[in-house]
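Taking it in order: structure first as structure tokens, then the write-up.
Here the chain labels run A, B, C and D in written order, and each chain numbers its own residues starting at 1.
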Amino acid sequence: MKKIIAVCGSNAGDKNLNKEVLEIAERVGELIAEKGGILICGGLGGIMEAVAKGAKKKGGITVGILPYDKSKANKYIDIPLGTNLGFYRNYVIVNSADVIIGICGRWGTLSEISIAIAVAKPVILISTSKGISELFSKEEILEYFEEKPYIVNSPEEAVELAFKIKEINQN
Amino acid sequence: MKKIIAVCGSNAGDKNLNKEVLEIAERVGELIAEKGGILICGGLGGIMEAVAKGAKKKGGITVGILPYDKSKANKYIDIPLGTNLGFYRNYVIVNSADVIIGICGRWGTLSEISIAIAVAKPVILISTSKGISELFSKEEILEYFEEKPYIVNSPEEAVELAFKIKEINQN
Amino acid sequence: MKKIIAVCGSNAGDKNLNKEVLEIAERVGELIAEKGGILICGGLGGIMEAVAKGAKKKGGITVGILPYDKSKANKYIDIPLGTNLGFYRNYVIVNSADVIIGICGRWGTLSEISIAIAVAKPVILISTSKGISELFSKEEILEYFEEKPYIVNSPEEAVELAFKIKEINQN
Amino acid sequence: MKKIIAVCGSNAGDKNLNKEVLEIAERVGELIAEKGGILICGGLGGIMEAVAKGAKKKGGITVGILPYDKSKANKYIDIPLGTNLGFYRNYVIVNSADVIIGICGRWGTLSEISIAIAVAKPVILISTSKGISELFSKEEILEYFEEKPYIVNSPEEAVELAFKIKEINQN
């Protein structure tokens, strides 16, 4: 069974989304596709578009779990699911994934990372991607929590780790 | 954008699932794939397995929206999403589809058909497939309702109609 | 622990909602309150308003599970919960109740009745209240299904039965 | 219409839940009840139990939105709703509230705070209550975000502010 990897991160409009951060996302998408994983994401802009673009460059499969209307999906999404769940769709993304990679991100991404750790899904944050992924890579933050995300420093490390983490049983 | 077609019907265990009914489902899957549609279903057994089997025979893409654990997906599902939503996942299937085809079915299928019509998604029932799809093809039942499903008598009619119905706007 | 009873039925606009049918709903609300139950419903108009009105007449507690905005709640709802779940909120109503009473109803109500029976919640239909509650009281319909709703002919029978059905374990 | 105030915080088992933190929660519950608000929470132990206990001391109304089985509700919950939504129920709590007060908390609470801010619900954190409510009161954390929670230092400030914030329109 193919690995399903969710990538969570900022929608378009986040001022942290500079060229460097978007390239991290695109590279993550490429690597997921090269290793034969299925990419799942929120289907909109920003990180979601960059990661899907990367995956399609390498012939991967991209699934977008949209809040409402599937016509809002970015053009790199193969399978746009218009759930009509609004922000509740964040949980569908998290629950449907074997592992979650966080890139940049604001409050919406933080809700995904948080619920993922709360339900014991492995979470990998790329510390160099700004936003909450940078914030939650800091030791002084993580000491507030018993369960912690994995912290990596590059797309390569992130995807390699994602494929190494043993698939969790319950999902 | 590819048409997303949900097929809803009985899980394994329904005594109506004879060879003839399962062949209807398999044929629907074949036709969806041949016409380039994406099949979405509940990912389990019975009708869900037969329709996915048909779609894979013809090289189609199959998405399974599972109630809990994706390991329960039948072997013809390309993209198994383990939503952890339980029966709420029925609504995700309905909302994510452009059109819903009903084959056979019991209470669970009826919940999908009902909510689909309530939210103005087009529903097509194959009257020859037993269960609630047969029941809700009867004139004396349909007169109880203002909005009605489309009634067809074969897989060919069902899939042809599914691709002809104009994509609805809101999803 | 107080019994939580969901009443599901047509929203305002259903032409079946004549004086007689609304009186059935109002009477059901009165009886639930008199017996100390908590009424849960969809919080909008029609049957939902009539049943809540009845419950408040007798000093009961009324909970409305609204699709979006709680400001849409009818004036007899004590606790309006604006879930932002849209029609998915139908499932929250069903899952949160010990027992479901159906009065009149169209496709939306049928989705609630169907999913309730699918998840093994007891369902009681008042056969004299028109709509799908009348339809699904017919023997020739029920023979299509293995699991069946309870059929009663009056508000008194409905509420008496609702309080007699042993609370189910899983919820 | 009565104000609906959600209190989100750690379940039993969090080692931060000392006597002082639980007293903050209980005091918040008392104050919500005294001012005529309806308390909504996750219905389980820890902060959820302490805040409901406080509310009942002062004759308030308490609603518990449970993940699965309503029999798991703490004894101070008047209206236990067993949603069968699992952790998705966190979003129902957030969406159904006019305002959210955070007390202590771990990843689960952080998911609630995050989604609340993402959907523009006002969030008030009590900085003296440890856990993520303390963490997200820090200036060096908040500078990572454009939208910010309100930070207060006592139950009295929290509840006063909760009743002063103008009810938001969309819910």
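Following the convention adopted for this analysis, a contact is a pair of C-beta atoms (placed from the backbone, for glycine too) under 8 Å apart; a residue touches a chain by one contact, two chains touch by 3 or more.
The model shown is predicted, which means the values in this text are computed figures rather than measured ones.
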Comparison of A-D and A-C by number of C-beta pairs in contact, larger one: A-D
Self-contact between copies chain C and chain D, residue sets same or different by half: same
Rounded Å distance between chain A and chain D, as computed from the means of their C-alpha atoms: 28
Chain A and chain C: spacing of chain centres that average the CA atoms, whole Å: 41
Chain C residues counted as touching two or more neighbouring chains: 84-88, 91, 119
Touching residues (chain side chain D, partner chain C) in the complex: 1-2, 4, 38, 40, 61, 63, 68-71, 78-85, 91-92, 95-96, 119, 170-171
For the chain D and chain B complex, residues of the former touching the latter: 84-88
Chain D residues touching chain A - in the complex, by the definition given at the top: 86-88, 90-91, 106-108, 110-111, 114-115, 117-119, 131-132, 134-135, 141, 144-147
